[in-house]
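Two complexes are shown next, each including chain A; its partner changes from chain B in the first to chain C in the second.
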Partner chain A sequence: MSAITGSQPTTEPPAPEERGPGLAGRIAALPGDIARHWSDYLYILPALGIMLVVIAYPIFYTVRLSFYSTPANLAMDDKIWIGLDNYRRILTSDSFRSVTRNTLEWTVFSTFFAYVIGLGAALVIQREFPGRSIVRGVLLIPWVISYVSAAYIWKWLYHSDYGLINDTLIRLNIVDQNINILDNIHRALPALIIANIWKEFPFAMIMLLAGLQGVPDQLHRAAKVDGAGTWARFWHITMPQLKSVSVVTILLLMLTNLNSFTLVWVMTGGGPAGSTDIWITQIYQLAFGRTRFGVASAYSVILFLIMMALGYFYVKALTRGDAEREGA
Partner chain B sequence: MSTQRYRELFNRELNRRKLLAYGAAAGAGAAFGPRALTLAQDGTIDTTDWTPETIVAQAGTLEVDTAAECAQVVPLDYEGEVSYWYVGPADSEPQITHDIDAEFWAAFAETYPNITVNITRLTYNDMLDQIRTAALGNAAPMVAKMPILWGVEFAAKGQLQEFGPADAGYPVEEYWPGAMKSVTYDGKTYGVPTNNETMALIWNAALFEEAGLDPDSPPATWDDVVAYSKQIKENTGKDGYGLVARVNAGNTPFRFMPAMWAYGGGALDEAAEAPTYEEIWINNEGSIAALQSHYQMYVTDKSVPTSALTNTQAENQAPFISGSLGMMIAHPAEYAQMNDMAANADEADREIADQVVANMRYGFLPEGPTGRRAVVFGGSNVHVFEPSVVDGGNVDLDAARALIAFSTGPEWSTKLAWVGSNPSNIRGFQTSWMKERLDSIPFLDVTTSMLPYGIPFPVVPESTEIMNIIVPDMLQNALTESMSVEDAANNAASQIEEIRGDGL
Partner chain C sequence: MSSNYERTAGSRKRLDAWGIAGWVFLLLLLVFTVVPLAWMLSTALKTQLGALQFPPRWIPTNPTTENFRMLLDPNDDIGRRFLRYMLNSLWVSTATTVVGVLVAVPAAYAFSRFRFPGRNSLFYGVLLRNMFPAVIFLIPLFILMRNLRLVNSYGSLIITYLTFGLPLSIWLLKGFYDNIPVQLEQAARIDGASRFQAFIRIVMPLSAPGIVATAIYSFILAWNEYVYALTFITDDRKLTVPVGLQRFFSEYVANWPGLMAAAFLMSIPVVVMFLVLQKYFVRALTEGAIKQ
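Right after this comes the complex of A and B.
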């Protein structure tokens, strides 16, 4: 009983002596704390060193490079300082607007439908039914195959001249001639999004399935006794219980989609006429297709800031989940 | 070996070949002798007389002692070490390519037993990024063999040493002018050509006949290509011409630029008699006419594969071998490739595939409205990097010279180009190995005959970007009707202007 009462939130503020040391006190105590934990620091030192070399330095170098012009006819040592001009040119260019629109469509639709389909699949395979293990295994296939393989599979399914989808539609007399899918500026991006959803929904399914297994069964039983229907139980019990895992899943899907490269690159190369170009393919194209390392770095910094913002919310969601569990 | 010494040797061989030719003329007619000559009096290549007949006639008339030639450049007992990167044979390439590659390294080790070569084989798709990164990080190899388009970027950045054929013991005249143009930047020579290739038009004679066309006559002009393609589509339902317009794929400019040049256009002024690379031609009348011809085929006539915008040339092979595609621009190796595909076809498809191979024909690329015929002058060059960007900061120049002399001479520039290319060293055309190639590779004489029509891509650092991105972008903008043909051309012109100012 004491354990239960001990976890109750208190309404009175703690006494000054119970609040712990202030900032000045904490700073004063820091050398002592470090000295006490010197061996812990030694343990993490190699990892910190590696991270500095492989993460911190490249980030620093990319940020620095973003302030330079690096034309194809100049060696990197001869790069020209242009301050914020790369950022200005990116943010005012037509291509940035169209690429950003593509990126938003790609990220939002891929994330939303991967989440919704993943949730549906998780709800299905959570239930007991004959062959459940096989269905689970089958549903995981898109997630476990490589992106390159998936891209080629979908490229040939969609192929505008010899694709399986077109062939099937014609055989079923649904259409009388091939539909131009990947070579049409209006259909290419939706087609890629569908392929991406197929590839990603098992991830959402696994995450949400784990979340569903944490929903106490007695809540459902109690609600059922109280006369709640399936929809009401789903909406008022299941979804609130999945809130933390949903936030984490959606954030991870968004981060993955913002970083997506392989599917788009292999299937369309950003074409036709730039209709499937997204931030990450644009950065690759600028850096390695056009050797505009300065502009590509500025683009990367912009993307990095957006990712950091999402990362912040991701960490916040994770820690809030921890806090809620501790609070419970 | 000095340049002068080589010129004398070369002239002697020419005289010998001239004698052989005149000897043959006794039986074949007085005109044959001069036709067999491929070099003009001043030592440059006489491109007016470079035909399948003269190519066949000169093959097998020259004996080469590679070791003796190389010994004149670097003593055979020289001790040294050289690092070398190149696009090595891919798994998908024919076994003979792998065998010749292995033979080359064995022969080099035998000729120069004390030179250690640190070999790095890369794939075509990986090499450019890796070598750019390596050069930026001062970890480049001493020597690298790169596709013809790439070298100028490194030269412009000051990462390559001045190094020409003379440094490897060969006179400049032994190389095609187009090839030498591709290794020349700002008036200086930065490499030695290793192999030169030009493509031709291949067509399915049976499909031509079915469409009511003369099965043995390819389209003479690019306007004919448009008309033939339409006729094939209308009469057979099959695609007429294998258009390729994917962005960031080398296949696209290799197939579009010949049309552009034939119509009198170009990206810059690379098709001019004396290009300056200062003028932008991509939106001139000729370029727009070429773009319009492709628009006509893709949008108006719908006589080419719809998937052209995402296709590379590899995706045209299956339709061609299945008899669903009338014609396309291809390498000499395409015949071998089609044979392989036919051999590997299922029993049900084998008959069709064999028929297609039997009906496969090679011809010259079409001319433009003014009678101009053009093809991309492709191939590779070998370059020596500056010590400052090389791993270790040192280049063993003599070891590099030995390797380059050995690989770019008549013997190995012929053998290493066995399946799909041509020797860079024109003496290679006279060797018995060239004769063996001509005897065993159908249509090689036709593709080789396109060499005089070869135009190298602009030798400017932005060339890769212009050819692999801006030109395909222009095509896609027009073919998807995102822009009108004129607007797409003007947009490409403004992009070229922009990249010279480091634009997006």
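Right after this comes the complex of A and C.
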């Protein structure tokens, strides 16, 4: 914190009109710039240091490990270079295909419904009504509690002998006797997706709720004077205003879902018969269940490349928001 | 605000189909949200025998607080373990939060105020942390912690959790600092305040909601984290609550009331904290992240 006390006149924040200097000029002045701004870096040094140790090093290490066959006893000095064999083995295996299909199903359905439900919730919560902040708080609870708690709550709801869901299904005459849910290869994944939507829709809701604050009232009133109905106003005024928030929310949901582990691991462990196995549970199983760190690392790298592609769009969505803001 | 009231008052008079559909949707959503939570509490108040009944009952026939008493009794074997898990989690989460704020505040301030070369790439580099699958870090970090003899230490968890919270914290706080006019600081500087004094007296109070929001966020992330705790901590005495809960269940299979009581107790700190401070969180998201 002592860095803050040192006051360099050169670190004075520039006036707004100095923003966005020409690119060529910037490159030419780069070394001098860095020297002149050296103390600025002190502020971000702790953050960067932590990020480097816990991010840059692991990425490097994982990529390296993915070209090796590793011994089961974790004595990493005995690893053997095998080139792309790990990758070849993964990409040609049947399990990769089924795990990828599960992951896509899990990600697409969870993201879609979490977003749609979150959007609906945000639009209703935005209205003024008594008890509004209580309702908002209650709807946010699933997002705040841990995935482990959520997993056990839903595991208990789905219980094949004593579960509330079975009881409800019987009362509604949908089934006439208890059914297996998490032990059934066709029902387990949809059941997990429902639990996941329960856990995630509040995140979409709170993001979109924040986004709705930016929609100017005048637009709505003007459209109303012109005779636009609720649907027309939603589609032509609200949605365009929510576009950038929506892009960020959907991308974050997708990334979270591609990274899911806890819910699946605690509720089914990837079973029955691999029907709920997704990428991360598969990698965890390979690494810490069967101690095949080399193959697991190669798996991580494949996943990493897919995430990077998504990450590119995420950063692009974020930067576009910044550019609009600075232009405004 | 007044315009907002006018609008809703107008639409309420008409009570169009969309308005009604909205309320019905909200009602269904509340049921979807609340039923699992209420079921957790109802089960936690049952005896073990009472929970294993079909059809299940919403109101326990012989309600009991025995499950909670067992978990909170330091003289009981289970209680001693559960309380230790809670304390471990409290320590790890608090340390993560405090260090996280101390690291995020200067970084976000620098990203907002200074124009040093590489500022944008470094900023988005920090945000990229969210892109990476957690497992890609899990394997090398596990090996690293093993080589550094940090397995079974809280330090291994704290430093890892920091990187989860930092990107969003820095992003949110930068948004706050962007919104605070530089002129306020400059005025203070002209009046003889140092940069640090201007920061403490002017910038900090104005960004307090953002700091509160990022602190809650870091705390909740650390309190709820499971995968790294599962991998880095094997010593039962050092487990955090989420893994402890799972350990507990694998030993006392079918003790659903005990498990639900434990899930309920471990949710209380974060839920209460969040409900009390949610307005800061919503405000931080609105002002910090999603400005139009």
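FYI, the second predicted complex is superposed on the first by the 287 of 328 C-alpha atoms of A that agree within 3 Å, B and C clash if a C-alpha of one lies under 4 Å from a C-alpha of the other, contacts with A are read in each partner's own complex, and residues count from 1 in each chain.
Convention: contacts are C-beta pairs under 8 Å (C-beta built on N, C-alpha and C of every residue); 3 or more make two chains touch, one makes a residue touch a chain.
Everything numeric here is computed off the predicted structure, so don't read it as measured data.
Within the superposed three-chain model, A:61 lies in touch with chain C and out of touch with chain B [touch as defined at top]. Judged by the touch definition given at the top, the superposed model places A:290 against chain B, while chain C stays out of reach. When the shared chain is aligned, no partner comes close enough to touch A:305: not chain B, not chain C.
Note on chain A: of its two partners chain C and chain B, the one contacting more of its residues is C. By the document's definition of touching, of the two partners only chain B reaches A:93; chain C does not. Of the two partner chains, chain B and chain C are each touched by A:178. Of the two partner chains placed around the shared chain by superposition, chain B and chain C are both touched by A:162. In the superposition on chain A, A:273 makes contact with chain B only, while chain C stays out of contact range.
Of the two partner chains, chain B is the only one touched by A:69; chain C is not. Chain A residues in contact with chain B (one complex) as well as with chain C (other complex) are 74, 76, 159, 161-162, 178, 288.
Taken in their complex, chain A has these residues touching chain B: 69-76, 89-90, 93, 95-96, 155, 159-162, 178, 180, 182-185, 267-275, 285-286, 288-292, 294-295. The touching residues of chain B, counted against chain A in their complex, run 128-129, 132, 136, 153, 156-159, 239, 246-249, 305-310, 318-319, 460-462, 464-465, 468-469, 472-473, 476-477, 479-480, 482, 499-500, 502-504. Chain A makes touch with chain C in their complex at residues 1, 3-7, 11, 13-14, 18, 26, 30, 33-34, 37, 40-44, 46-48, 50-51, 53-55, 57-59, 61-62, 65, 74, 76, 117, 120-121, 123-125, 127-128, 133, 135-142, 144-149, 152-154, 156-157, 159, 161-164, 166-167, 170-171, 178, 198, 206-207, 209-211, 213-214, 217, 220-221, 224, 229-231, 241, 245, 252, 255, 258-259, 261-262, 266, 279-280, 283-284, 287-288, 293, 296-297, 300-301, 303-304, 307-308, 310-311, 314-315, 318-319, 321, 324-325, 328.
Interface of chain C with chain A (complex): residues 3-5, 7-8, 10-11, 16, 18-19, 22-23, 25-26, 29-30, 32-37, 39-40, 43, 51-56, 102-104, 106-107, 109-111, 113-118, 122, 124-144, 146, 159-160, 162-163, 166, 170, 182, 185, 194-196, 199, 220, 223-224, 226-227, 231, 241-243, 245-246, 249, 256, 259-260, 263, 266-267, 270-271, 274-275, 278-279, 281-282, 285-286, 289-292.
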